[in-house]
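Accompanying notes for the structure given below.
Naming follows writing order (A, B, C, D and E), and every chain is counted from residue 1.
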């Protein structure tokens, strides 16, 4: 699931100016450059990565008159996903999930989107993102992104983010199924910690997807002028996606609960087997050892000791007792 | 539960044109043929199976102006059941459950239904379906399907699908009861995996029936002109069916939880029995063995060894101790 | 709880015609007879038992113009309790619970009630019912049933049915308390299956009482002209009854969960006791047996064996070790 | 928490007539006396205890035109707490909790309150109640009870009842904390039954406080003319009290769940300790006993037996093996 | 997290009078002084600490006409957080959490805030508080607190209180993670009590944060004239904070449930290990001991005893049996 593309060059300030018959792309270095390139009648997508240079970040928010509360929400990387309607902008805060090498290192990056009639600004934590397919589709002059309003563009961003949740869930689902197989076949030793690691990842997704559903729900109910009617069926679809992810998530969580139960039962079953082994051996040999002990006693008057077949008889006795015991345990299905 | 009928011939493009006094049936091969056969004043049911030839599928959707979002929902076989009102069509996505040989191989097939005043299109995954009774009833000129509007026809489709849920649930219920009997009688060895397999199937049904209830609920509240008043009591009945299936489902799920509890308790009870066996044998013989060991010691001055009745006395002692112990355990109800 | 009364004669078609100053009772044999006896200005209660003769059943429904959906609900004995308003009738489907000999054989019988301004029809599964007190009260010319509208009569039917739920719950509650006493006193051996049998009965009641509450709630909100204002406080009382039954039910269910917990704990406690017995005996005698074994060794040079008080000393040693061990276990409160 | 006051004399029919400048108190014996003493322009509190004489009870209800449904609710001592608005009266049914000697004998007494503009009637099960502070405050001519409307008086009754819930909860909370300390310190032996007794009391409170909240909520929403605006903030406060009691209750219930968990864990931990003791003793001595047994064998050719230091060597061996084992178990932190 | 500042001098009656171009600070000693200093056209913050002198407290409430119910809420330190709109004041009761030395001693202090257009009164339990940053920001003439209405000031107070919840949760989260590491690594011995202590603290926070959310929600819906439009986005942000705290809290509670599960599993796993050790040792040596016992018997006719290699053979037998057993247990993965 690596989306490492060579084209991931400098994007600290990336600007796309586009319209039905128009497409321009800039890599900017200063706020002055930005002001110059913005086009008041075209749609503009401004993407800010690597927020090291907080001066530029501040200047941009000031220039576009981002409300201080919105500014804090963008700046605070622990912000819960949400949609809030400020007068001049709609602010969407979302969480982009992705994995760099394997699922155990799930990365969560906050992506804030502020948009109005003409402008979409995306604020990311770092340079890496999963929006390359969008960049490519944007160059296609017949694509819906070029023709429809800015909210359709925002929809494609969110759709890309939410589709990634499916992929992550699929990966976890595979790992849970593998754990399930390993536990049931008992070939490989499973640690409870392996199971709980998956649970933690699911908890992380849950924490982000529930407010994302609220976010999309708020979009559907929004009466902002930045929300257009043509985008409605797409947002409805987005909503269905979040519902479906939540349901899949809950099923995975149930599967994990089941896994833990099986794990626990296996411990009990193994202990049962251990106890049976001990009991079978001990209950067979302890009485025999007692009898051997009896004829090891040094009493002067012990008539059996003088018998010719005393020793043979005792062996016959030993063998019969063992067999009877073994049959008894077999009948009780202990082995 | 096999509905394999010999009449299941080629249905890649099946068309029924019908009205109160009209009934025609066609097996088409091309979109051109279709256009020719459609009747603008009769009701038409177009059933598309085996979507191998995706060109025809695309052409049909284009011809009937299916919205791209609806097209995606039909095309994506992981779509969650739902009802959505597009302007020219109402789209219903549902999941048809059936079993080919036994319940452990529950098949789930997506059936999408798009309908308006005159046309019902059903999109299936493969040729097999459970709609043969509907095909037969359609030939009856006095049936409600011939007289009432298209939504009544869609109702019969959904009703057939939902009735199948009852049958599947009944099968699972029987298997759970069998497991219950086996566990309580302890005749047959039950594996936890047997129980969890049923749980998985219930989870699969749950995943599909909850959104189906929402679907029917949306139908009841719909203000579309394709929804007629005469069908209302039937849709209400459908809704009650989904509610009842959900309640049965939850009862089955509770039963399975109970089964797991009994399973676990049985493990504990068996372990208890094993431990008691070991303890009875060990606590009876260990002290006796000690006494035998004592008179096996080689001290020079051990007066008992010279006694005439020493050996007999020790046997009497052994037997009395064993009996006292046995009575003690009997009193404690250990065996 | 047997309501077997000698008067339970033939009731396959029972008709009561009554008004403030009027009371007649008929046992009919045909639909023709029925048509003749019905009185358009009095209130009529038609009770249909033993639906063996399905022709009569069909004819009656046809004669009173029962909607096909309502007919199916009455005919299908697995119908969930509900109230539905058809134009010419209000249909109530309810479940009558009763026990013939003991609680383990809880009987559930579906009673459907269709009523309008003048007519109440009750459809039962079999001849037996719990409505005898109503039959008697109906003969009292000063009773409310004679004076108030048909909905008051329907209220008395439902009230009788719901009161029976209390009685059943009371019986189960007594049995649960008995199980509780038996488990805590540990006099009688309780099987987990005894507990689960009660749980199943509670589940059966739950399945029926929840929709019954919805039914009564729907009645309260009904704007049908067959629902009169004077009956309102009685229906409110009925609603309170269903709520109270549900709460009692949930308390009983909680009690059963507690019972299972105590049952499980008792298993653990008993196992603990078993293990302690084994451990005490084994840890006391195993070291002693070792010592006895040592002096049973046949080394030529073992000075202790020649000592005069060697044997006595070893006994003193055995006794001291045993006492020390016993005191240790006593201090640890193992016995 | 005994409120035994010497003034608890005969109260089978107690009447208070009061107003801003008026206060009279009567102990009546007959309905005739009552009719005479009632004052149509003052506020009257009629308190009926010890309902042995059911004739008087019936006469009073008839005289004040209590609706038959209300009469049943008052008469049925299993009535769920509720507020219901009849035309001439508001009926409140509440449950008064109190303890006579210790918490394990929680008493629940039904107190029904019927009131209108001028009259408050309280129906109690027995003579004892917790309203003495109200009787005293009523004598104070400057108290709000004398100045405000009858609903304020009813508020003080309910407030007194609900405050008692706090006290009971506090008592249980103390006992739970004591159980918690005893379990954790393990000084005193706790039985599971001790814990469940508290759970039962909490369940009893829960059963009564939830409908009491609904009752107060219904009061807040009431549009009856007997409910005055000046009492509103007091009723709001009452509502908050019920919410707080419910939250405390849930916290206590959670604490009990935790207690049970700790109890269970302690059983497991003790069993672990028992098993470790057994295992340490057995695994140390069983191999030694084997060696002793070997040199107790009677083979003619056993060279070690003739060695001078054979016996000493075997003791050295015994001691070394014991020490190695002991160190091994110590390292594994088994003791 | 100690906020001990040297400036925490006498604050039994602290008054701030401020406006856009105005700032005064007083430490008062009497109600007379207070009346003199209050400014009818500026905003005033009156902070009452250390309510030892209840006379002043009463006088102030009387002077500002605090409703008796509000007075009780402020006075009762067990009051549940809430917002209530009295006519002349809005009353907010909140709980300030802080830790003095370590998390195990979480302090909860009730802070009641009464405010209207011109006046904010804060009632604290004791002198210590976490409002020093607010005192400092108040001196800044360009701060929002100086420019916006009193409700913004109240917002900053609540915001400071709620931010502290985050810090406390963070601390607990760290401790839970430490417990998790300790349990999984099994280096340090964890007691169940350590886990439950964290659970109790979370329960304490839960008890306070849920009603705080209701409080903020009530603020959002308030139509009081003391609530200004400019403060709305800040209160929305506050609401989001409470939601986020609740979600974090629930995640921590889930983590603790998981911890308890792992703890329990570890007990089982350890017991399993103990049992295996016992079983391996016992099942290897018990049969050997039996054989040694056999050749310790004193039968006169035991041919093996006379064999030259009898003793050596028996040792070979002992070793082979041990090895076979060891391989068997190794194969079963018992060690």
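Operating definition for what follows: a residue touches a chain if its C-beta (ideal position, glycine included) is under 8 Å from a C-beta of that chain, and two chains touch if they have at least 3 such contacts.
Here's who's who by UniProt: A, B, C, D, E = Magnesium transport protein CorA.
If you're wondering where the values come from, they're calculated on a predicted model, not measured in any experiment.
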### Query
At the place where copies chain C and chain D touch, is the share of residue numbers found on both sides over half (same) or under half (different)?
different
## Note on the structure
Expressed as a multiple of 5 degrees between 0 and 180, the CA superposition of chain B onto chain C rotates by 70
## Note on the structure
chain A and chain E have mean C-alpha positions lying a whole-number Å distance apart equal to 27
### Task
Round to the nearest whole Å and give the separation of the Cα centres of chain B and chain E.
43
### Task
Could you tell me which residues belong to chain B and also touch two or more other chains?
268, 271, 275, 278, 282, 286, 289, 293, 296-298, 302
### Task
Based on the touch definition given at the start, go ahead and assign the chain network to line, ring, star, complete or other.
ring
### Query
Under a traversal of the ring that begins at chain D and continues to chain E, how are the chains ordered?
D, E, A, B, C
### Query
Which positions of chain C touch chain D when the two form their complex?
184, 233-234, 236-237, 240, 243-244, 247, 251, 254, 258, 261-262, 265, 268-269, 271-272, 275-276, 278-279, 282-283, 286-287, 289-290, 293-294, 296-302, 333-334
### Query
Of all residues in chain B, which touch chain A in the complex?
67, 69, 72-73, 80, 82, 84, 86, 189, 192-193, 196, 199, 203, 207, 210, 260, 263-264, 267-268, 270-271, 274-275, 277-278, 281-282, 285-286, 288-289, 292-293, 295-298, 302, 304-311, 314, 318
